[in-house]
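Listed after this line are the structures, all set down as structure tokens.
One chain, chain A, links the two complexes that follow: it is found with chain B in the first and with chain C in the second.
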Partner chain A sequence: MTTALDPEKIKVILATDCGSTTTKAILIQYVDGEYRQTHRGEAPTTVEKPFADVTMGVVNSVTEIGELANRRFIDDDGKIISPATETEGCDIYISTSSAGGGLQMMVAGVVREMTGDSAKRAALGAGAIVMDVIASNDDRRPHEQIQRIRDLRPDMILISGGIDGGTTTHVIQICELVAPAKPQPRFGSDYEMPIIYAGNKEARDSVTDVFREGGFDLQICENLRPVLEMENLGPARDKIHDIFLEHVMAQAPGYDKLMTWTDAPIMPTPGAVGDILQTVARIQGINVVGVDIGGATTDVFSVFDETFNRTVSANLGMSYSISNVCAEATMPNVLRWVPFDMDERQLRNHVKNKMIRPTTIPQTKEALMFEQAVAREALRLAYIQHKEFATTLKGVQKQRTVGDTFSQESTGDTIVNNMKLDLLVASGGVLSHAPRMHQTAMLLIDAFEPEGVTRLAKDSIFMMPHLGVLSAVHPQAATQVFDRDCLIYLGTCVAGKGLPKPGKTCFKYTVKGDTLNESGEIRGGDITMLPLEPGQTATIECDPARGIDLGAGPGKRITKDVQGGTVGLILDGRGRPLALPEDRATCQATIGKWIEGVQMYEEEAVAV
Partner chain B sequence: MTRFLAVLMAMFFAVTVAYAAAPAPPTDVVATDEPNDVGNQVQLTWKGSAGGAAGYMIFRKAVVGDQLSGASQLESVGETATGVTEPVNPEGPDGAVRIEDLSFADDEPIAAVSGGETSYLDETVEAGTSYMYAVQAVSATNEVSPLAITEKPVTPTWDWINESKLWFLFIMLTISLVVILFVMIAKSGRPVKVRKIAGLEAVNEAVGRATEMGRSCLFVPGILDINDIQTVAGLTVLSNVAKTAAKYDAKLEVPTARSLVMTAARETVQGSFLSAGRPDAYNEDDIYYLTDEQFGYTAGVQGKMVRDKPAACFYMGAFYAESLILAETGNAIGAIQVAGTAMPSQLPFFVAACDYTLIGEEFFAASAYLSGDPEQLGSLKGQDMGKVIAALLIVLGCLFSTLFVLTQSEKLGEISAYISENILGEEGLELNDSQRENIQAQMDQTKAVEARNKSMAELRQSILDRAAGADGT
Partner chain C sequence: MAKAYTPGLLVTSNTRHRSRRQLPIKGEVKVSVGDQVQAEDVVAETALPGDVHPINLANQMSLPPADVPECMLKKEGDPIAHDEPLARSKGLFGLFKTTVNCQHEGTVETVSPVTGQVIVRGKPIPVDVHGYMAGKVVEVLQEEGCIIEAEVAFIQGIFGIGGETHGKIRVAVGSHEQPLAPDDITDDMSGCVVVGGGRMSVASIQRAKAVGAAAIVSGGIDDEDLKNFLGYDLGVAITGRERVGLTIIVTEGFGEIAMAQRTFELLKTHEGREASVNGATQIRAGVMRPEIIIPLESGSGEAAGGAHEEGLLEIGRAIRVIRDPWFGMIGEVSGLPSEPHVLDSGSKARVLEVRFPHGETAIVPRANVELIEG
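Moving on to the complex of A and B:
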């Protein structure tokens, strides 16, 4: 690892993301006064045998970039050349990793909804997959908890519980469940199980005594819930990153070498995505939701009022987990998004084929429609889980006045507010590689149901992980590239909250811009699209019907600037929450009308 | 002069005779069984004595027989009736006489009414007994008229259906059916939506806070005894709090102001710990009696709060002046506080000082809400429907009454009267003549007021015109 450079002198940036199957590399260069992503390369990941060295895949992907950019990055010793000159090398090299299943953790807290959730948030925010949460109120008997801890093989364990000066008894009880269970780590037989203790500081000595023997590597950091009114997740997240690098990565083949190459610590891929979204939200002052739908899991990230949350829906995905999506959402719910009758037996076969052959892609329009219907349900369910998790802190004292007599809000309400959402970012195969951008936009709108005025975008080549690490080194470069090259803006969605009467006016609009000047009305149940090219902006003035809220309150006029995109300006009068007719025939007709409204499956435009 | 004296004496004589003469008896004396009762009322009506009377005395006699056939309705004391038909009550009650032997001689009147009255409701009769009534006019000088006796005996009967309250029956049946319906729906497994009650949802949170902070939970079940419904409702919530505390392994303390409440609370908490699978964690010394004295109890609990600083305080029951003292102390020590009471005067204090407050009905719904038991939930929903019906009728009544006043439409007046007097009152299924007369009287009164206002306005205008004319000249 080289010493940190002055950000002003960084002109060439090389970044890689070592995924489970593919290592993706991108090149960012300072061109005409701004940072742009210029080239990208891919190569199979080489962490598994027979190669068993992750750097081989990195070198291959970087070599591809070098050929495309006509620039030499790898020296004769097979190392990355740094710093950059006119024709070779890069100023900084950074990397993320999700190879080998990423970072898998078990967390524990005293009360599941309080320190248990805080510990889970710390782990998820650091980019981990949380395998289980052990708590004193998790409705399991001690022997069941011990058995569960034994069965799991996490990379590390995070134990929390008790505020500073709070309970010690419960904390020790949890430690005394973990210690005799002797959980075995995933990698390396001689490897001591890392345990991070981030609970009541008065219990540290007792916790140390419990884990003194038995092959544990106990690390102590600040309490992540020093008082119930506040979370302090930073130290625990940093500690997770440190252990990830020192213990987990060190066990994976080739990572010890890769760590010496990088100019910033290697981060778990989801953690890096979270970082870039937080950076963008902070710099632009906006609320962002990002989603990454994969084959086995779906990650949802959100930043509302600078509060970051991430959830991993472990059983919602488009290949390995597709059967679970259909089971959890139920087939009628999946089929309601399809505008024609489908044979259920054929569908089941299709689902199972997709599960055992994850890399297959739809060959017919019908198969594509079905897959996108499943994707809508997977995204919808993942977002519901995210909303349930992204809440205000529980166990906090409330201050009331007599005015609160009939409106006593409870704590633990979700902080996800679709009306406040400014930017919705999509990534993952089914969204990023949809034949038409219109399909991506509709999938996002149908699943997330944005309200008011929301900008839609997709991560063009899943560049967010690279930019997440870069944001820690060079935030300016990261945000510039994020804005200009990472995201492909699909357009802006204007949707009313409330239930408009079908066929009656939902809202009237007037759009004024350089290329688009139109006015009209959107009726209840209709969705339509106006052409507004990428880079163009317009001003929209909307008068919603009574009971319909576009952001200023029910029935109140809004005037906002809207940005264009590859899809354009989408005016959605279907209402929120989105309700589809229960009758199958009516539902098919309705979906058909919506598909037509945004030209989702226009034949001539289908990309190959 | 002699002539003048003769006239004067004649006048004096006439006045003296008139003053001393017995009043004329009342006429048309009719006794009828009062409908819609349990046979304990007879309505007696008559026409007033010709020439007026200072009052009337009512006589009653239990008889065996049916009617006084052929006998005069105006019998002097001691006269008897003849021609009696088949008796209604051949046995008759104790002291009953055969109708042909009817005599009110030596009887004390059962009631006396003033001279202006022409009816009397006798509420001391027995169902199934036949009675004859007599009314006697009394003058200012205590001269009495002959008795006016009812033509036939009256036999009050038990009415199985009170027709004046048929609407009440319909509403009660509707609510009962709705309760049964919702119970069946709940039992069938279909979800019964009950509004989220933040105060009850917060029980887990409050106990969780106490657990994380390593402090105790304090439950105050009010200061009234176990016979108060609020105390019983409070113990229902205590059951849930104790179960949660047992599950979280948190300490729960319950100071009581009544010994019986302490005993009931101990059994409640013990049961909850047992059902949570933690009978070993139950400690009966944590549920204790302080004193019956209101402020002695308050001082005791307050001292406990200041010393131990519980992290969660629950106030569930009947509270008086101690409500604010306890809630403010709890707020000052940083506890999450959940209160529940049906004392309207204490609610504002709890709302202002506590994190969550269960208000009246919410408090009583706690049992159904917390248990999730289909029967209780169904009953809760059914009761809600009853409240909806009541609220709807009140709104409609107000609406039609207002419209009646504004428009003076007879139809609207009838609807308004029907809602307030028939549906919500005791006038039966149909509007009666008396109600119609009342409506008409109200309309007439309004018209009279309007006419008077109009004439006053005209008078005022004419005075103003005249004054203006005078100024002009």
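Moving on to the complex of A and C:
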């Protein structure tokens, strides 16, 4: 039903995100002169048998919204009603998708750390899971590379390599490995494997020759690394989105039908989240880190000094991949976040049961605490991977002066700097649906270890994907809903970098504001919070102890404005990097104290 | 009110089942519509392109890539034997020639004047697709395979290891709750699908493997046992390609858990019959659960039509609780409150009331139950 839309006439917007586990629908309505998110619904995703039709989950989630909004959205034929009338239907319907494993790609480059990384960044930025990076220097012999390409079943392959005008031999060599491997796509034997070539433009004719036969759909776009000092990822990302819609989506069960329902192209979920976070960072002029922890994967997005990066940790997730998190992090590392003894053998069985029945939720407090312990480790590992990947361009010649002699800076350094981080945004079931906001805040602080002064927020009901795709259709509605309904500000965390002595002063503080006027000191190993409601602000002045840095340098005073939130102002004197006692009993006591310090599991407040 | 749906595992005494038997690439279909096939019959065959061996002749002969084609002793498409000369350089004034022998048997596929690389493709790899399930061919997929149909008893498990196999069903224990001990497995169970009740231990799996059982099926398994048997910790549930000597199927889950009585009784009813078994499990990207298929005598009754709509959660439906604190317990839905309920964890969720066999009831999140279909 894609037609030209007049933004003025759009009053009712329906948006869905078809995740690998759940299909989430939201309703946005024009109320009292502004766009607001009014209702939400969710239902299990139905790409699998016996349903094997994604639209059933969409209809179920939309029906739930219809009941809550007292509005009919589905007609007798099971289709979404459009345009809207007073009592039924919507003006536009949009959707994102990561169901069926999302978009899975293989990328190739000549040098792994240069064009290989650039190709990976392009694929990740477009919302893909990168299954492997093939490069001339990836320490595998050619026959091993070919075998790997044969074993993978990507949805498409992105090949890059060489700067424009440079040598063509190496990139053609890579193509000569891919072509005879005849990689098989995930869907159907009649599907022609799409190959995107985004390398040295001088090699295009030779690359075309290599892929002329063998059932490939070769598409050529601009070089994503035309010169060493610059990446040009936009054209490759756009091409990936086009192919995602034309080939991949069309093969998944029910998507052909869903594509005829939507008023804008279906976007891969992570691509849409990346779009909205970049918009926020640009408009507010801040550095942002966003995380979306799902059942199978954890996506980390960062925008530092206007440079966007996204990573997908393919096997770090809270259901399908929960067993892998426990294996990678090790069970003792998971259990260090739990303040009581748990039977390890039983826990291993719980973890496996969650893996094979991924949609279950914790019913008891103990089960919740264990899941949140696993989540901390999944987030911590995913952030480590992100920091390793989000670097300055490697291989760039850098002119060094005498003044740089003792500088440790080099090309390929991470651009993620927790001290410069302004806003940390959480989304994904375990963070968004935590019963208390305090739990979300602590999970973020424990896993990401923000330094200095950092504002914390969560995506209220996992709305960022919907708003990412809406921003392409109706930017005004997307921005209004993002400001008013999407982010729930949890508060601000003030944390010192360095290792304070336990029980000794970490920093002294004075907070002045309309509702909060307090001073005191935070001791090493302590974490506490002060009440600062959403919408309230205050000014904090901190004097850190020697060796502790709050943003102005070790031991130097800072004065900052801080914003409140549903949790408040969190003062963290535990030090960075965060260390937990190795002795199990001491560790349990320490964690217990921290949990109490921020009232993580108080029982009175219940959020949905 | 909206209908509430929840996934469930299918356990049915009689259903018409279709099995799609398909080659990975096009090939020859060996059966016709109407043919009666057995599990071990080859229904389609093909040959996969052989392994690829890249040889960088430009490097090996120290030549510019563009000179490689004229040094070739074999053309594209020519067969080549192991250790047979592949290329020879012209040398200096006809002397100091370098010969490169091919280290792989196969066919010369490409010679690149741009990179100086030669691709030799090994011998084709034959691939056979078997019937897997006894039944009648109802459709031939041109050059790709066929669809076999049969009336069957069908049991979906929750998790499995290993691929397709078949054998006679042998029930090794007395009840659906009895754990499967090594002593329960006897030498005459070679080639059989061995059925236990409660948890199977690593010792029982090893015993089943030692006697040559085709598969082992039971209610539960301990994660530690599985890890010990496989030799590694399973990170994600994508299985079916393991080569561990037998196929393993767990019907209920991990831990001390009995097989659902209905499942056990159904298997017991068919003791001695041939069953087709596949442990392949894939939890994401198109869910695939392990299966036990027992073909029935043709015309042994109408395929059972469910009294309930598939996937529909309603009062009276049989369900299994799939998360603590009532993990593994079976009961029936006795209430479906529409309002969300605050759980002990503090979360708000839609719930249902379940009545267990002894009459006690419990409130359980809807996400924590699965329907027992069939």
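In this text, the second predicted complex is superposed on the first by the 506 of 608 C-alpha atoms of A that agree within 3 Å, B and C clash if a C-alpha of one lies under 4 Å from a C-alpha of the other, contacts with A are read in each partner's own complex, and residues count from 1 in each chain.
To be clear about the criterion, a residue touches a chain if its C-beta (ideal position, glycine included) is under 8 Å from a C-beta of that chain, and two chains touch if they have at least 3 such contacts.
Because the structure is a prediction, the values reported are computed rather than measured.
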Chain B versus chain C as contact partner of A:136, first or second or both or neither: first
Which superposed partner A:168 touches (first chain B, second chain C, both, neither): both
Superposed model, chain A: greater residue contact from chain B or chain C: C
Which superposed partner A:438 touches (first chain B, second chain C, both, neither): neither
Touching partner for A:239 - first (chain B), second (chain C), both, neither: neither
Touched partner set for A:228, first chain B, second chain C, both or neither: first
Contacts of A:346 with chain B and chain C, given as first, second, both or neither: second
Touching partner for A:357 - first (chain B), second (chain C), both, neither: second
Chain B versus chain C as contact partner of A:115, first or second or both or neither: first
Where chain A meets both chain C and chain B, residue numbers: 168-169
Complex interface listing, chain A residues touching chain B: 110-111, 113-115, 136-137, 139, 161-163, 165-170, 225, 228, 394-395, 397-398, 400-402, 404-405, 408-412
Chain B to chain A touching residues, read off their complex: 196, 198-199, 201-202, 204-206, 208-209, 211-215, 247-249, 334-336, 347-348, 351-357, 359
Parts of chain C lying in touch with chain A, wherever the complex brings them together: 1-3, 5-7, 24-26, 49, 51-54, 56, 65, 109-110, 112, 114-115, 117, 119, 121, 144, 158-159, 222-224, 226, 233-237, 253-255, 281, 283-287, 310-311, 322-325, 327, 340, 342-349, 364-365, 367-368, 370
Complex interface listing, chain A residues touching chain C: 20, 43-44, 47-51, 60, 63-64, 67, 100-101, 142-143, 146-147, 168-169, 172-173, 176-177, 180-182, 184, 186, 189, 206, 295-296, 315, 320-321, 323-324, 327-328, 345-346, 348-365, 367-368, 433, 435-436, 601, 603, 606-608
